Amino acid sequence: MSFNTFGHLFRVTTWGESHGPALGATVDGVPPGVALTEADIQPWLDRRKPGQNKFTTQRKEPDEVRILSGLFEGRTTGTPIQLMIENTDQRSKDYGDIAQAFRPGHADITYHQKYGVRDYRGGGRSSARETAARVAAGGVARQVLAALVPGLRVTGYMVQMGTHGIDRARFDAAQIEENPFWCPDPVAAVEWAAYLDDLRLSHNSVGAVIEVVAEGVPAGLGAPLYGKLDSDLAAAMMSINAVKGVEIGDGMAAAALTGVDNADEIRMGPNGPEFLSNHAGGILGGISSGQPVVCRFAVKPTSSILTPRRTINARGEEIDLITKGRHDPCVGIRAVPVGEAMMACVILDHLLLDRGQTGGQRGIIG
Amino acid sequence: MSFNTFGHLFRVTTWGESHGPALGATVDGVPPGVALTEADIQPWLDRRKPGQNKFTTQRKEPDEVRILSGLFEGRTTGTPIQLMIENTDQRSKDYGDIAQAFRPGHADITYHQKYGVRDYRGGGRSSARETAARVAAGGVARQVLAALVPGLRVTGYMVQMGTHGIDRARFDAAQIEENPFWCPDPVAAVEWAAYLDDLRLSHNSVGAVIEVVAEGVPAGLGAPLYGKLDSDLAAAMMSINAVKGVEIGDGMAAAALTGVDNADEIRMGPNGPEFLSNHAGGILGGISSGQPVVCRFAVKPTSSILTPRRTINARGEEIDLITKGRHDPCVGIRAVPVGEAMMACVILDHLLLDRGQTGGQRGIIG
Amino acid sequence: MSFNTFGHLFRVTTWGESHGPALGATVDGVPPGVALTEADIQPWLDRRKPGQNKFTTQRKEPDEVRILSGLFEGRTTGTPIQLMIENTDQRSKDYGDIAQAFRPGHADITYHQKYGVRDYRGGGRSSARETAARVAAGGVARQVLAALVPGLRVTGYMVQMGTHGIDRARFDAAQIEENPFWCPDPVAAVEWAAYLDDLRLSHNSVGAVIEVVAEGVPAGLGAPLYGKLDSDLAAAMMSINAVKGVEIGDGMAAAALTGVDNADEIRMGPNGPEFLSNHAGGILGGISSGQPVVCRFAVKPTSSILTPRRTINARGEEIDLITKGRHDPCVGIRAVPVGEAMMACVILDHLLLDRGQTGGQRGIIG
Amino acid sequence: MSFNTFGHLFRVTTWGESHGPALGATVDGVPPGVALTEADIQPWLDRRKPGQNKFTTQRKEPDEVRILSGLFEGRTTGTPIQLMIENTDQRSKDYGDIAQAFRPGHADITYHQKYGVRDYRGGGRSSARETAARVAAGGVARQVLAALVPGLRVTGYMVQMGTHGIDRARFDAAQIEENPFWCPDPVAAVEWAAYLDDLRLSHNSVGAVIEVVAEGVPAGLGAPLYGKLDSDLAAAMMSINAVKGVEIGDGMAAAALTGVDNADEIRMGPNGPEFLSNHAGGILGGISSGQPVVCRFAVKPTSSILTPRRTINARGEEIDLITKGRHDPCVGIRAVPVGEAMMACVILDHLLLDRGQTGGQRGIIG
């Protein structure tokens, strides 16, 4: 949990700016002997890739990942894996206007205050481009998880765009890949398309809520209190650009429940304990219960909009600013694969931590 | 962070169970030369202390903190401060019934699964008693902050109990200390008393939302991406027992905003930049902006209730269980001083991190 | 590896000063289910205890360890173990003379320079008393190792006192417990007694070299480069007060060897690879080879002597200073159990790290 | 201090193998605003570069460093700096013979045992090539140190080759750059050339001792016990390939000293305290004293030699092996710039840590 590192045993350090020559992730602590090629990672990057439809930035980046280290004859060696993605479609000229101005809602002003210097091209390190490195690292995590915990599955989707939520009664996992919003509700997906188009054409943008679910997570991952699985998930999701809230299970709505309603009652099933509900989101006392781990996070609306906003520049002058360039009207869309990647990284990290401390043995029930 | 440690430079490791001889916190990385005595810490513990009214557990714990190390002639020496709080009112017999049963909503089953062994007395390490150690550590953090950043102020209060929120129009900071709920809305406080009494008498419990605000935080604290101020706040708050959601600024509601509405516009004030709103909760790109840092978290209802719930025991038998003992009908009440403590710890940690990396120098505006 | 923490997964944070009410260690990451009582730890502390003969300080400390947390019904629960040792024989008046003076060879001046404040009583945190906490933590590590790796044995002994080394031809492990110096050479032990007595009576002190060997360490512990087993051993031993050098295997003498001589040739034995020599000290490329892990460290002579030395005080005045009090003429003697404790902690930590990353599986030979 | 990361605030993660496409270092925590270009780093790499004379490996690597991130307009931005060095002169065929054989003295067998898989080409991650990444990171550290502590100077040199030490009476710093051994004694340098030539021609190799001195280090860097400056130096130097011993100040020889001799007496000079000797190597109680920080380490002889040695292969068969390829007869030569780099990294890290905790303020003397 250093400035740019995430994880305890499975550790990811991302590096690179929006408009430098490249960006990437240094992934350390990878278990050895796992089959891995660039082709295992690329599909996840392709899902996050910009420019795929009118609802994401028109920047064209192939986002091709290269593995520079840590593999031998197609398997992980247990040494650091360097994942590099070259930046190819940089148009720094787009950013001349904002070199000395602080875009409202952006990190421009805080980077300037903290560091005294700022790579203003595309937001530098605070650009959503950084998330490509996370997705690549998540691809490694997924490949390792597939080898260690067959059946574990991580799925992300959008459950709310702006003021429009999905109807849970229409939830259909098969729909997630069928629309540009990773929306599991096909009716909502149609409504969102019109809604977002209107916002885009009116030079506006909008926020979203993403839900990420991990099924097949073994019971026993996590640790009390500061190494909690949910504590690390909260840090992971909040570390994604533009995220302002994180929920586990019922999340903020848990506040409105009574203890009678909130209790996830337990019965004995053929393969062990079964919970009759999942208000807890699969985590009790910081430790996974074997139920699906459910995490949601809110992404604020894209701050880069063509509607002028009042701000100042580095000389302290008051100005009005519109942010040109190629921006997502709902950056939450591309946050879906990013949230999945973070979930995969956190769960793998805790899997390794758990077998480090306990050897992976489990207390017996029944 | 580690299993039971929180923080980078200002590091807190808590230890101890509900029903062992003592619990406490080992606080490392404390700046030297800061005046500190037990009397500086005790008042914060007294605010969290159980048994003060009918709305909190009737367990009577003096929660007297002893400083065992790290001080010399009333000042911090820069070496680890050991804070110890003895457990005095332990009634282990209260817990005989649940020795082999898994209370729904509790960590009983996950501790059992992970560790194979479990200190069932009072929930052991997963007890809310652990938060006393946090509050003590937070007292140290506050004292250091007072020395380093005069004017910095951390305030927590409850903004929602169950289905009842406060009316922001009636917000009066002076009211917070005037009712048992740390409620800034005096009308809501009266309503909540009746509401909670009803729940308590019907053997039920309820959740809550706590808001913690830090005013006077200098701009520039935090770091990009994984060492974000908000990422660490999210981890800190989510690490508190029973917390299920964390929000910064507008939090989950940011999803419903448009970019036009969400932009915190900036004007130039007499002392530097001034923001016209604070949707961001004082943090942009992971770095403090100088605005108040605003964090909210949801606490689920107390899982220990006198209403029977269906569950199983370690033998895999299905049983009905009521949880006797002395429990808070709304554990969120006592989470208020805990949230304040975590906020103080996180901000101090980032203050030290920032002056480590940047020397505390700030970029100039104007 | 924070200011006062050692270890990755098995993490020890020590706290406390020589003359405060107590000192101790917070031990986190302990595997659950391991039988442990204070009686398992106390014997190791008794070996380090001062005042046992004329060759160690006459301070009388029972050094009784209390376990305040992390156990339930005689077994570790996987939660932090707090080990507390009360200071009972404090004579702060002994230290009045040096309150404002900087004893040569001591940390007085550097603590003063760094922190501006200093607990001068007994050296505060820089006192050799801190090592009691390490020995207690090492007792926990040994108990866990005994459960996880039957047959693993850690043994420390002195191989050089001042200018007098042992004769390896007379090495007899059975002799180690038979003399006050943990000396495996019975002839040397007799010589050292006279030698040290002379030094003590002439108000002088002397250094020593300690060797610690771990037998039965499985192959495969450690990690390339920065998480090397030898790198962590070097840090561990150098972190002990007064240590000035650390060697693995042939250590500094490896510089004088040729490649032909240094090669530990390998043959195939009935149970796998067998090395024909152990210049490497059981570690190749940072990873254990299955041979005995051999580590040596040099302890400088006790700086507190009754012979006057030139120095200055905090007012910048030049003075002559003798250091009264109760001091070890050869502090290296009591460093033997401390070195053993650090070896046990490092090996356990790497055992947990290894099974975290690799699951403890080993590459096949033959 | 993860598997492949070194440092607390100034953190270096190296990655890459001897025969992969590239290797490098991810450097995090760099203070912002420091002037830095590739030309500032390249000279340090050129000093380490192989193939410069007959005493180092004939592998020809330009070792050109590229900075992929963390700079803007020639200055550090405070975000991660990615340093990449491409491998260009790979001759994997050189290593076909040892694909399944374990070279004595190498990490082949332990990597195989731990990971089950091993990149045998050039030793993979255990190759001395990894040290190029350290030297590049050290170049960044030096540039930052030059900005923060003018006058601080780090110098490394060889003091012993095989059985031949330098004569300290002939020490001449100006000679260090004048011979292929970084030897400060011009007479010794001539002798060593003949000595090493003989060894090389007889298919042998030899070890060495390197000394690294940092002058101008401010007093007050370091921390008690586990975050000691010397503890981190020991870990840093021991993490270099082939290092078997580390000494601070008098090092192992301190064991032979008496307390009277070892005391570095202190007098008051015009600019503060002055020590009359430096047995302590500039570190007391883990904290720098303002004297030169003196560290030595022993490098074992190159294990790759043309003289046959007995060993086994992965099938468990006993074989005789000679190691062809292009190897250094004394790998200690190229360890000189590596030791300097590690010293620079450790001192910068502790400089940042110190100003984090104390604000860089110093206790007053006089």
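The first chain written gets the first letter, and so on, giving A, B, C and D; residue counts start at 1 in each chain.
By definition in this document, a residue touches a chain if its C-beta (ideal position, glycine included) is under 8 Å from a C-beta of that chain, and two chains touch if they have at least 3 such contacts.
The shown structure was predicted, so the numbers you read here are calculated from the model rather than taken from an experiment.
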item: Any chain in contact with chain A as well as chain D; value: B, C
item: Inter-copy rotation, chain A to chain C, in degrees (Cα atoms; steps of 5); value: 180
item: Label of the chain whose CA centroid is most distant from the centroid of chain B; value: D
item: Euclidean distance of C-alpha centroids - chain B vs chain D, Å; value: 45
item: Chain A and chain B: spacing of chain centres that average the CA atoms, whole Å; value: 26
item: Separation of chain B from chain C, taking each centre as the mean of its C-alpha atoms, in whole Å; value: 38
item: Set of chain C residues in contact with two or more other chains; value: 2-5, 14, 29, 32, 78-79, 114-118, 125, 224, 357-358
item: Complex contacts: residues of chain B adjacent to chain D; value: 9, 29-32, 78-79, 224, 352-353, 355-360
item: Sites on chain D touched by chain A in the complex; value: 2-5, 11, 13-17, 20-24, 26, 28-29, 32-33, 66, 68-73, 75-82, 84, 114-119, 124-125
item: Residue ranges of chain B touching chain A (in the complex, touch as defined); value: 1-6, 8, 14, 102, 104-107, 109-118, 125-126, 130, 160-163, 199, 204-209, 219-228, 230-239, 241, 244-268, 272-273, 276, 279-281, 283-290, 296, 298-305, 307, 309-312, 314-318, 332, 354, 357-358, 361-366
